[in-house]
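Two complexes come next, and they have one chain in common, subunit A, joined by subunit B in the first and subunit C in the second.
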Partner chain A sequence: MTLLKVEDIKVYFPIRGGLFHTVVDHVRAVDGVSFELQKGETYGLVGESGSGKSTTGKAIVKLHQVTAGTITFQGKDLTYLSRGEMKPFRKDIQMIFQDPYSSLNPKKRVLDIIAEPIRNFERVSVTEERKIVQQYLERVGLNPDSIYKYPHEFSGGQRQRIGIARSLTLKPKLIIADEPVSALDVSVQAQVLNFLQDLQKEFQLTYLFVGHDLGVIRHMCDRIGVMYRGRLVEEGTSQDIYKNPQHIYTKRLMAAVPDLSPDARGQKIGLRKQVAEEYKQLYSTFFDENGRAYDLKPISATHKVALP
Partner chain B sequence: MELNVNTEKHGQPIQITPSGRQLIWQQMKKDRLAMGSFILLVSILLFVYSAAFVMDAEEVARINLRALHQPPSLEHWLGTDYGGRDVFGQLIIGTRNSFTISFCITLLTALIGLTTGLVAGYFGGVTDHVVMRIIDFIISLPTTMFIIVLVTIIPEFTIWSFILVMTLFYWTGKARLIRSKVLAERELDYVQASQTLGTPHWKIMFFQIFPNVSSIIIVNFILNLAGNIGLESALTYLGFGLPESTPSLGTLISYARNPDVLEHKWWVWLPASVMILVMMLSINFVGQAIKRATDARQRR
Partner chain C sequence: MEKELLRVENLTTSFCIDDQYYAAVDDLSFAVHENEIVAIVGESGCGKSALALSIMQLHDKKRTKSEGSIIYKGTNLLNEAESKLNKVRGRHISMIFQEPLTALNPLMTVGKQIEESLHYHTDLSKKQQKAKTLTLLEQVGIPYPKRTYKQYPHELSGGMRQRVMIAIAVACSPSLVIADEPTTALDVTIQAQILDLLKDIQQKTKMGIIFITHDLGVVAEIADQVIVMYAGQIVEKGSVKTILERPLHPYTKSLLHSIPTVKKEKNRLHVIQGMVPSIAKMNRSGCRFKERIPWISVQSHAQFPRLHEVEPGHFVRCTCYKQFHFPKEGGTAIR
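Our next item is the complex of A and B:
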């Protein structure tokens, strides 16, 4: 069942300049991206910084206005809904933010932070609200007694869990995780990722997982879309992308994954050089004259590549 | 043997970090000057407000031709002015009036400035442009001239009209200050998080962003309070403030425009001047201590 369908969305930001501060050009942050999310799966968006992956995620929760294209959630078009009309869908689509330091209001207690969505959507008594908050705190592995603490009293990993608890309180169907572990150290990353997977099983969640760490994405995602300069260049299952990358950019991205074994180091360097060389030679066949990737074309049942 | 363990004592301490109020108190205790100023200020205000409450304002303002320009004596503790009015009584009521004016102007400008600043900074774009151009327009007006004209054409000039006229021109600075803070604050993720959680704009503005800019507002409020006492006195001294029938620190000082009073009858203007000096300094010292409490880098 298709939960979320994104069709050819574009997010352009105006560049203003000149004497009268007119729009001279646009930054094409997202330039025609389409994908579908099935219920219960994890879809990963990977790409380098500035490739538009976070912007895509934020456009779905309407933190950025979409310039063109449609976003369909459970068969309902969300693209041009007003704030008021969007409100019922906020309950079903939640977001986990990248930076656990700035995504929690420093002046609010944990209780107020996690209860914020409950206060917006449900009418519950104070004691009940406290009980719900404590229950979710316990679920994310924090001490339920810490509801009266402030965010700065927690470590980065704990803060991120508070952020996750906050996104869970409304029992959403879709969670957009915008690089949820990139600000955490590696030991905590594993904890949080496994925990996200446990939650997925428990609450039948669907994740749109935005990230640049290829190891993390591979660990988490069923299907992956590779983004470059605001466009998808390749889409497929984890196997397709990691074992059989077809697009030259994906190949280069995969070659960049570090290998921990020292024996393979020399071989890896050779491979990287070879791919870089190939990238230079084949650039013009994979990208059009403006450096824009072509539209996706299916090469197997699950695998799509941007080819001319 | 029965084991009696008091479990409550083993619980975690409820709050480890000091709250804002505790921080301010710590700073005040460390800074003796601020502590002294605070005590002095509170006692002056308590005395002035309770004494003015008991005192009869009309009695103080009544002209007594048999007691013109008397030096301080037991009957008139600070002497009398050219109308035979008791300077001490005028000082008490004047201080009350001046402080009330200053406080109300500061409060009103803070309220208006806060709301417009929050709205302009939070929404940005067209809203911000419109609000900021209105503010630019008000700032570009020759404020003093406008106040003088308004004072002249308003038929019954009272404390309240004075406060309103002042507020009309002085809220712009606050709005700008708050807008600049909000502009920085709204880029933080917690604001976006609130938006995705379905929190309405006004709640985000007043319950999410406001607490994070409140420290600067409090500091600005207190420092402005001191400044606005001077504002009233200066205008009244120039003759464009309150009429003599409403005594204020400014009216008392304005008697010093007469060279004879300035040279020989110091008791008329000196107490009011000292009162302004003491109040402004102590408010400033307290304000500095609070400023340090709100900024970790300046903390002692």
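Our next item is the complex of A and C:
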């Protein structure tokens, strides 16, 4: 079942300049991206910084206004809904932010942070609310007695789990995770990733997982979209992308991933040089004259590549 | 064996917290040779950066105490006066910092910042300084050196800024460079470029590099020797191959087990329980890692584990590695 369908969305930011501060050009942060999320799957968006992956995620929850295109959630078009009309859908789509240090209000207690979505959408008594918060705190592995603490009293991993608890309280259907582990240490990262997988099973969640760490994306995602300069250049199952990358940019990305065996080192440097060379040569066959990637074309049932 | 560049012996660096000194770097000894890249790995809070700053003596003298010896070319840097140190820093030992945007001066052009170090440490004329700066910029792979020379740090991308940092660090051809997480803030593709660049420069100049990182993938790419730090101590030391392929210490094993890699299929990641103890609350006797592997029986931890050689060139602290195993069910409960 298709839960979310994103069709050809564009997010342009105006560049103003000149005498009357008029719009002279646009930054094409997202420039025609389409994908679908099936219920219960994890879809990964990968790319370098500036490739528009976070902007895509944020556009879905309408933190950025879409310039063109449609976003369909459970068969309903969300793209041009007003704030009020959007409200019922906010319950179903939640977001986990990248930086656990800036996404929690430092002046609020954990209780208030986690209860905020409940207060906005449901009518529950104070005692019941506290019970719900404690239950979720326990579920994310934090001490239920810590509801009166403030965010600064927790470590990075614990804060990220507070953010996750907050996103769960309304029992959402879709969670957009915007680089949820990139600010964390490896051991804490493992904890959060395992935990996200457990939650997915328990609550039948669908994830849109935005990230730049190819190891993490491989670990978490069923299907992956590779973004470059606001466009998808390749999409497929993780097998397709990691074992059989077709687009020259995806190949370059894969070649850049450090290998854990020191023996492969020399080989890896050679491979990178070769791919960089190939990238220069084949640039014009994979990108049009404006440096824009072509539209995705299917090359197998699951695998799509941006080819002319 | 190449010539020894720097020897750190029994270095202890303590920070003052509430009128008490606590060691963040605890009795550390190692050496760096010419033409060698020594990687120092560990989670945040293990004392990696504290170590780097101790070698450079950049800690606030009023609140830190360093004991032991840091021997560079026969002199102990810990006993040198500040004026002497200024001649060493940047000239013989230089540093690449993690976040180039905070380490570079936002009000100075890139060219001037590179020239600054040449100005202090060499007697080149203004003209020669500029020429040298332009060649340096070219060496670190900046496409338009003449234009970049006049630009400010904010006009450059993260990768370009890091290249500028490297240019500053290698400007006076130091014999040792300390790189403190130089690629952490960068994308994988840029990271690969920077690593290749560093390796390239290192091979040409035969300098030694102390490379601090928490990313074991990066270690595999660049290091010759690896030092694994935990709670201020060295817990394991050896060549890259030994450490990554035949690790012995439970901490090294756990770290390697907890990273998701491109090669592994979806399975559960190992979670290291708990976290790195804070220096003030740390239990300093026995294996410092024992709290994070509670399923290992207490008897297998020695009271004061020493760093001992288990095979030539491979050192391990702690005796519990002989009994160490991962818990049965892939991951452990989150707590």
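By definition in this document, the second predicted complex is superposed on the first by the 308 of 308 C-alpha atoms of A that agree within 3 Å, B and C clash if a C-alpha of one lies under 4 Å from a C-alpha of the other, contacts with A are read in each partner's own complex, and residues count from 1 in each chain.
By definition in this document, contacts are C-beta pairs under 8 Å (C-beta built on N, C-alpha and C of every residue); 3 or more make two chains touch, one makes a residue touch a chain.
Because the structure is a prediction, the values reported are computed rather than measured.
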Side-by-side fit of subunit B and subunit C on subunit A, or clash: fit
Touched partner set for A:Asp8, first subunit B, second subunit C, both or neither: neither
Which of subunit B and subunit C A:Leu63 touches, first, second, both or neither: first
Winner by number of subunit A residues touched, once subunit B and subunit C are compared: C
Partner chain(s) touched by A:Ser187 [first = subunit B, second = subunit C, both, neither]: second
Three-chain overlay, vertex subunit A: subunit B-subunit C angle, C-alpha, nearest 10 degrees: 80
First, second, both or neither for A:Glu202, with subunit B first and subunit C second: neither
After fitting on chain A: smallest Cα gap, subunit B-subunit C, Å: 14
Of all residues in subunit C, those that touch subunit A in their complex: 43-44, 158, 187-192, 195-196, 199, 214-218, 220-221, 223, 240-241, 244-245, 254-256, 258-264, 266, 268-272, 275, 331, 333-335
Contacting residues of subunit A [partner subunit B, same complex]: 58, 61, 63, 87, 90-91, 93-95, 97-99, 102-108, 116-117, 120-121, 145, 148-150, 152-153, 163, 166, 170
Complex interface listing, subunit B residues touching subunit A: 11-12, 14-17, 188-190, 192-200, 208, 211-212
Complex contacts: residues of subunit A adjacent to subunit C: 48-49, 140-141, 155, 157, 185-191, 193-195, 197, 212-216, 218-220, 242, 252-263, 265, 268-269, 272
